[in-house]
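Per-chain residue numbering starts at 1, and chain names A, B and C are given in the order in which the chains are listed.
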Amino acid sequence: MTTATPTNTSMIPTSKRGPRLRLYRARAYRKPSVIVPAAILLFILLACFAGPTLFHLPKPSVGNLSDYLLPIGSPHHLLGTNTLGNDMLSQLLVGGQITIIVSVGAMALGLVFGTLIGMIAGYYERIVGAVLMRILDIIFAFPDIILAVAIAAYLGPSVINTIWAIGFFNIAGFGRIARAQTLRVVRMDFIVAGRSSGISGFSILWTHIWPNIAGRVFAYALIALSYAMMAEASLSFLGLGVPIPTPSWGNIIGSNQSYMSLAPLLIVMPAILLFATIASANLLADGLQEKRASTIE
Amino acid sequence: MSESGAAMPERLVDVENLTVRVSGREGMPILDSVSITVEAGKMTALVGESGAGKSMTTKAILGILDDRLFDVSGRIEVCGEDVSAMKTKQRRQYISRVAALVFQNPTRALNPTMRIGPQIAEATRFAPDGPHLSDKAAHDRAIELMKQVGIAAPEERYFAFPHQMSGGMKQRAVIAIALSLNPKVLFCDEPTSSLDVTTQALIMDLLDELRARLGLGILFITHDLVLAASRADTVQVLHSGRVVEKMPVDDLFQRAAMPYTRDLIARVPGFGGDEPRPTMIPLEVASPAHACSYVGECAFRQGICGTQVPPLAEIEPGHLARCWFPVGHPPLDQSLATAHEGASIGR
Amino acid sequence: MLRMILGRLPQMVIVVLGTGFLAFSIMFVLPGDVVRSILGDNYTPQAAAQISAQLHLNQPFLIRYFSWLGDFVTGQLGTSLIPPHQQVSDLLGQALLPTGEMLLFGQIIAIVLGVGLAVLSVASRNRVVDRIVQAIALVCSSIPGFVLGLLLLELLAVQFQLVSPRGWVAPADGGWGENISHILFPSLILGLFTFPVMMRVFRAELVSQLDDEDYVTLARLKGISTGRLIFRHVLRNSSFGLLTVVGINVARLVGGVVVIEAIFGIPGMGTLIKNSVQQHDTPAALASITFVAIFVVVANLLVDIAYAILDPRVRDAAS
């Protein structure tokens, strides 16, 4: 799931536009408003996934109660320990892995199914479209917390279940974007021509419509990613997402909630990481959007 | 600049060497030394193809270009005052008193969520240099303006929203707004091109009437040569940001001298250009900034056309053309022309 | 206008019914023995059979769905399965006020902040002001609501004791003043994490109106002041995108409400939904979920009505 996004991206500009355009595009990405947030995201990604092995960190949940609340800078515990004596650096980095996996997974789920539904709804405007749209409306009007609560209460909270719970509600957002964009593209002459010459619907959807809406869909993907990250954090915080002892940024904050006055750093540190990641994703989305505008000009 | 004779009419717009560039962009400016005049009670038509810079000229004169995007230079005199020297705010206020703009698309020129009457009355109530009328007085003034521009049943239309009126009616409303502060000069940027032919004629009649009755000067922008010929007093032809010909309206169809103008005329139905034309010689242009702007399509071109911008020269009294080889006239500067002939002719 | 509302009705009904059906399906497939959890220590096979019959547990799925639907439509929401077995309508009645207040105040705060900051950043024509406003929006849109809530709660309520601490005071118990002073802070959190989207949309719309619209140029040429131009002309014409966002956000807000209610200990709809689903309290869960769906759908209708009020073209097209 994680690798699906980049592979698809490289497919967008191929169809009719030449390599020159792609070069030009690559150059358009080379500006601070794109590079800085992308670099921060990359850094966080590397730190979370490579950091624990690289620095030989202890496992996040093998702490000893005698190491209770060690301060920052303690020997062997660079960022101190929590109330159970677990190494905070390890908690934060491994927690980051989990948060990232869950949110990327949930985003990808929404991307694949939502885009598919949205494209079909936009292409077959009449009956199929109306039915699919109502389904999206229903998903939309359904408070997203319910499925999460139900899943957590009866299947038991787990990483995979959290992905399903959040991903399901991403479908509606992607569906709306994809439908609106498809409606825009469908009216263009070359699509109308293709349709009337009897090319199959799915072939048109894949070869003509998808390349034309992919840009907008991926731009939304970054925003959906930041929503998913917030949703993961909120669910885990409520105890409905990733279950302890597996750490995630959300449940680190949730489980330390009652020590807010005693050890505020236990909450502030994951909060900062969460903030930095989400803010970078938002900034990157802005930066890429900006680029799109100036490319058209 | 070329006007001669005893009683010089009042010159409401007098622009000289107006040049507009996109800030920070080298190469050809959008407007290149444009000079233009409008006299009281007269209509100057500014014609040219799409992208020639007609709208840019009005915007630069009225001072509504974004100064972060464009560099403007040149002398811009409106009703006797040099506005290019004024500060933005002062200039806005001055312009609001003496000039007004009628847009191409009346639908876009009106606020879609505000009733027509209050839009017409607005300036008379709230403009800093306006008469600051009371609510009641402004209403009456708006009704009067609506009558003046021929809006029937003004008391009812006062409360209409723009989308409830026809295109012609909306354009009349826009003209009423334009007249609300008693301007001396009206800039009309293709005021009729979004309207059907009948409405077009009615709006033109209205402009004519206002010009005669109020002594307005009008700068009339259009694509339509026939319209220009039938209504204007003077015609100026703009091409690629340069004024290429300027003449009394009677000369337009009879004696246009610049090949570009003649090609425009040839495209007007009924003026079919079966006139004989030389075969085009091949020519390579090194730098467009140092060439006639029409050199790419001109049948009359010679070597010099690709290396030197022709001056805007008076080929007859009151008739100016920017061409080395004005049609029906001797070449502009034969010595110069022959000297260069062949020099830069390409393969 | 009436025709527009009537035209929307079928769609609205479909969405509400669909949501109810979805909720019903979820509750149906949830594993776990409802009867056992109701009876607890009093479990006997006879009592179990009796309760099963009472709850139609032996009937097939669709029959049960339609019998629930029939009850719901006729206003019989049933009683909670969980002791003290309150009427579901009472539970809803108690939960609606706190959540309603929070949504209302939160939305007002978000709109005021979103519109105000957008106007400030555009009208000031000052790069620094614009940057600061953008930064505030970025920060607020990048902090999850519960983190913002926890941090501000610690800071303002515990450390500086500026605002009332957690909890909910019903107007009947402490009077409206006490009630509002307790709900205002959670509403602020809700508003803070909703306003950035509104601000961005509104700001973009303002800029495009000011830069591209001829009627703006016309007003400027008449010498109309920037203040009047913005407040009398541009604000209204820029508000349509904002309305759309408000409509879309309503659904998202409900999720946020659950978290904020949890942090502040407020017994609202979010809490009711969470608890009833968790405890397999089907009548309460179905009724509260369906109510939220009705709320979302009605809110979207209100948005469309506001659209028609603000835009005479829409108004005329609708009638």
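Rule of thumb we're sticking to: contacts are C-beta pairs under 8 Å (C-beta built on N, C-alpha and C of every residue); 3 or more make two chains touch, one makes a residue touch a chain.
Here the structure is a predicted model, which means the values were calculated and not measured.
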Two chains sharing the most contacts, counting C-beta pairs only: A-C
Farthest chain (mean CA position) relative to subunit A: B
Inter-chain centre distance, subunit A versus subunit C - centres from mean C-alpha coordinates, in Å: 23
Mean-CA-position distance for subunit B and subunit A (Å): 54
Subunit A partner contacts - residues on subunit C that touch it in the complex: 11, 14-16, 18-19, 22-23, 26-27, 30-32, 138-139, 141-147, 150-151, 154, 158, 251, 254-256, 258-259, 262, 270, 273-274, 277-278, 280, 285, 289, 292-293, 296-297
Complex interface listing, subunit A residues touching subunit C: 134-135, 137-138, 140-147, 149-150, 152-154, 226, 230-231, 233-234, 237-238, 250, 253, 257, 260-261, 264, 267-268, 271, 274-275, 278-279, 282-283
Subunit C-facing residues of subunit B, complex: 62, 64, 66, 92-93, 95-97, 99-101, 103, 105, 108-114, 122-123, 126-130, 161, 163-164, 174, 177, 180-181
Parts of subunit C lying in touch with subunit B, wherever the complex brings them together: 211, 213-215, 217-225, 228, 232-233, 236-237, 310-313, 316
